[in-house]
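In order of appearance the chains are A, B and C, and numbering begins at 1 in each one.
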Amino acid sequence: MSEPRPPARVSFQEELDQLEAALREEGELVLRSLRAAVEAVCSQDVELAEEVIAFDDDIDSQYFEVEQGIELLLARQTPVASDLRLVLALLKDNLHLERMGDLCTTIAKLTKLTKGLPPDDTLLEGFKEMGERAEQMIRVALRSLQQRDRVAAESLLELDELIDRANRRVVNRLLEIGHDLEVREWGLRMILVSRCLERIGDHAVDIGEQTAYLVTGEFREFTDASH
Amino acid sequence: MSAGSLRLRGRSRADHARGALFQGLLLFSLAIGFVTLGVLLFDVLQRGLPYLDLALLTNAPSTDPQIAGARPAILATVYMMVILLVTVLPIGVATAIYLEEYANKERWYNRLLDLNIQNLAAVPSIVYGILGLAFLVRGLGLGRVLLAGALILTLLVLPIVIVSSREAIRAVPDSIRQGGYALGATQWQVIWRQVLPSAIPGIATGSILALARAIGETAPLILVGALTYVSFNPTIMGPFTALPIQIYQYISRPQEEFKLIAAAAIIVLLAILLTMNAFAIWLRNRYQKRW
Amino acid sequence: MPPMETTAAPVKIAGMRVETAGARELPAQREVLFDVKDLRVTYAGVPALDGVSLEIYRNYITAFIGPSGCGKSTFIRCFNRLNDMIPSASVEGSVLYHGEDLYGKDVDPVEVRKLIGMVFQKPNPFPKSIYDNIAFGPRVLGMKDGLDERVEQALHQAALWDEVKDRLKESALSLSGGQQQRLCIARCLAVEPEVILMDEPASALDPISTTRIEDLMHELKRNYTIVIVTHNMQQAARVADKTAFFSVDVAPDGNRRTGILVEYDDTSKIFTTPADKRTEDYVTGRFG
């Protein structure tokens, strides 16, 4: 028997790999944006918030390139079977990452709006924790995609539960401290921040669902209740 | 499945019988040819083999049947066949190459040429004899020599060689030529290196047919001046006879023994033919290609 | 794969740029190799192809697609003057190669074919050994020295060496269809052309062999310029950098059918946003 043949459709495989790599880059950008946004809120750093808002252009640009790359790949290579599922998963993940980027920008905008208002340290501690949790979820989601790990993807559900609980604690805390008018104003904005962080977690779960779809060929929502 | 809708046992016995009858007729036709040939060969071999000895091959003809041989005739026939092959193959193949590879088939004169070659094959051999006498013996002044005999036989079988060579060249797929041209080869290079080597089997077959036709021809040779009684060895530019003529001569003699010597001479004639054909077949097999 | 860890690095964000997904390696500066102007080909006075003008670029893979009868095979054969072999064919217009007209007065078609090679639809190996097949070109062109090296190098370039290195003296006809086609490519490469024309090179092959030929084309385009005719649109989409779509122009009386060039552009454009509706109809499979 002759030696094993080299893999076929080399340039197609290279293109797929490049697309995945580009998506990972986008993920890195989103992680930086997230970290910066949370830092800006916690330290009430308006300059940093401005940077996050400007940085969204970079994320959008990367999003557009991945989107175009997918369109070209579909037109030119007509992928089928697992290749097709991968491309469709990348298409949706691309959208989820871009939405995450937008949410980080929203957090930054809210930081700007609440400039000068009195913060609550407990709440800010909570945000820091939620931010780390969200970061962790994004990493897990991207890694599970890269390694085609369905189990890791499904673990995102538990992590999301933690963020959801933290989100609920924020509301309760605000009810406790909301006597002052200024504190109330700050509080209302911060609910939105909390909501953004929770939404980021949901998008990470969605990325996990796409990974499970990619691996099993079936699309299944991880939770029954719509959130 | 409702009964009667599925006809697996369709064909009637009559159809099968017709098929068998047809096959039988084919075999019968084949048998006629084979049996005739077999009977002829058997007859010749039975009569001639006892008289097939060295004396036949080395002695000149004589009135004494004990020492009569056919040496001059055998030599003359062999010389003529060799000259024939050496002459007819280059001319015939060259003509075929021109007609197939170079000639523009749309032109009227090429189509006329085509038609004439087909017709030449149908001309009776005695007409070639007259042509040889007028043109070679008298016109060119060759005289009644072996060379004239060989040349007129060449003309006789030329159409056969041309036609079979053309078929052989035509059988070479055009894709081979295109491949050659696409690599930057000239037309001649493609013909010489690709087409001709592939056409050799067909050309060899053509030469077998040509030899078979020529070896038994008598009429043109007589007209060109073959003698019936020759006791000296022939030379190319000298008087000659041929084996078929010698055989006829022996058969016409009254003594019974001469008829048997004639049978032996026939075996020699067949042997010469088979030897030359064996060579052609060997050549054909060596170059046989499967597309 | 880069590891993903939390870093305690400062949070200043720097813009990042990544290579375009799906970028194809093309030479930075594109160079015109063939310049076709107003090409018209007629067979016995009847036009088969008319009014074709386009440029072919060096080290690109250019594909000609279109329905049957649109003249794309006729067109590709103009590049190596194989149409000369057909007595009734006549070519008007100009085909400039490195600025010189291929149909100029002193141009020898044989010289043209040394530089511009061709691979045909049905693999046509000569009925000789594998070695002699590849050596045929160099031998007829007088490149007699270093024949062994030439043969080996050509087989390497055609990704066939490993499969046949131990049986070079065997008949070429003993190879499979895909191998025979790669042999024909090797044969073409042995004379060191600049351009390789391919007239439907994979249409007689099974899908696996087709993929191997396509991968081979990607490798070859680094050193050669490739022009391919294909009736398989997806193949053009997969391999070609630029694509030209030809169609049939029917005369008002319905009798004359002439091939015309409809659209010529980057392949990505042809298959995502074609400019001409006829192109759109063809690539979507609606009309042909």
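Here is the rule we go by: contacts are C-beta pairs under 8 Å (C-beta built on N, C-alpha and C of every residue); 3 or more make two chains touch, one makes a residue touch a chain.
What you see is a predicted model, and the numbers here were worked out from it, not measured in a lab.
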Path length in the contact graph (chain A to chain B, fewest steps): 2
Averaging the CA atoms per chain, pick out the one whose centre lands closest to the mean of every protein CA shown. C
B-C or A-C - the one linked by more C-beta pairs in contact: A-C
Would you mind pulling out the distance in Å between where the CA atoms of chain A average out and where those of chain B do? 90
Distance-wise, how many Å sit between the C-alpha centres of chain A and chain C, to the nearest whole number? 45
If you average the CA atoms of chain B and of chain C, how many Å lie between those two points? 50
Hunt down the residues of chain C that sit against at least two other chains at once, touch-wise. none
Chain B - residues contacting chain C, complex: 104, 106, 173, 175-176, 178-186, 189, 193-194, 198, 289-291
Help me check something: in the complex, which residues belonging to chain C touch chain A? 1-2, 4, 6, 11-13, 15-16, 18-24, 162-163, 208, 211-212, 214-215, 218, 234, 237-238, 267-268, 271-272
Chain C-facing residues of chain A, complex: 2-3, 8-12, 15, 18-19, 21-22, 24-25, 28-29, 32-33, 35-36, 39, 48, 51-52, 55, 58, 62, 65-66, 68-73, 75-78, 135, 139, 142-143, 146
Interfacial residue positions of chain C with respect to chain B in the complex: 80, 82, 85, 87, 110-111, 113-114, 117-118, 120, 122, 124-127, 136-137, 140-141, 173, 184, 187-188, 191
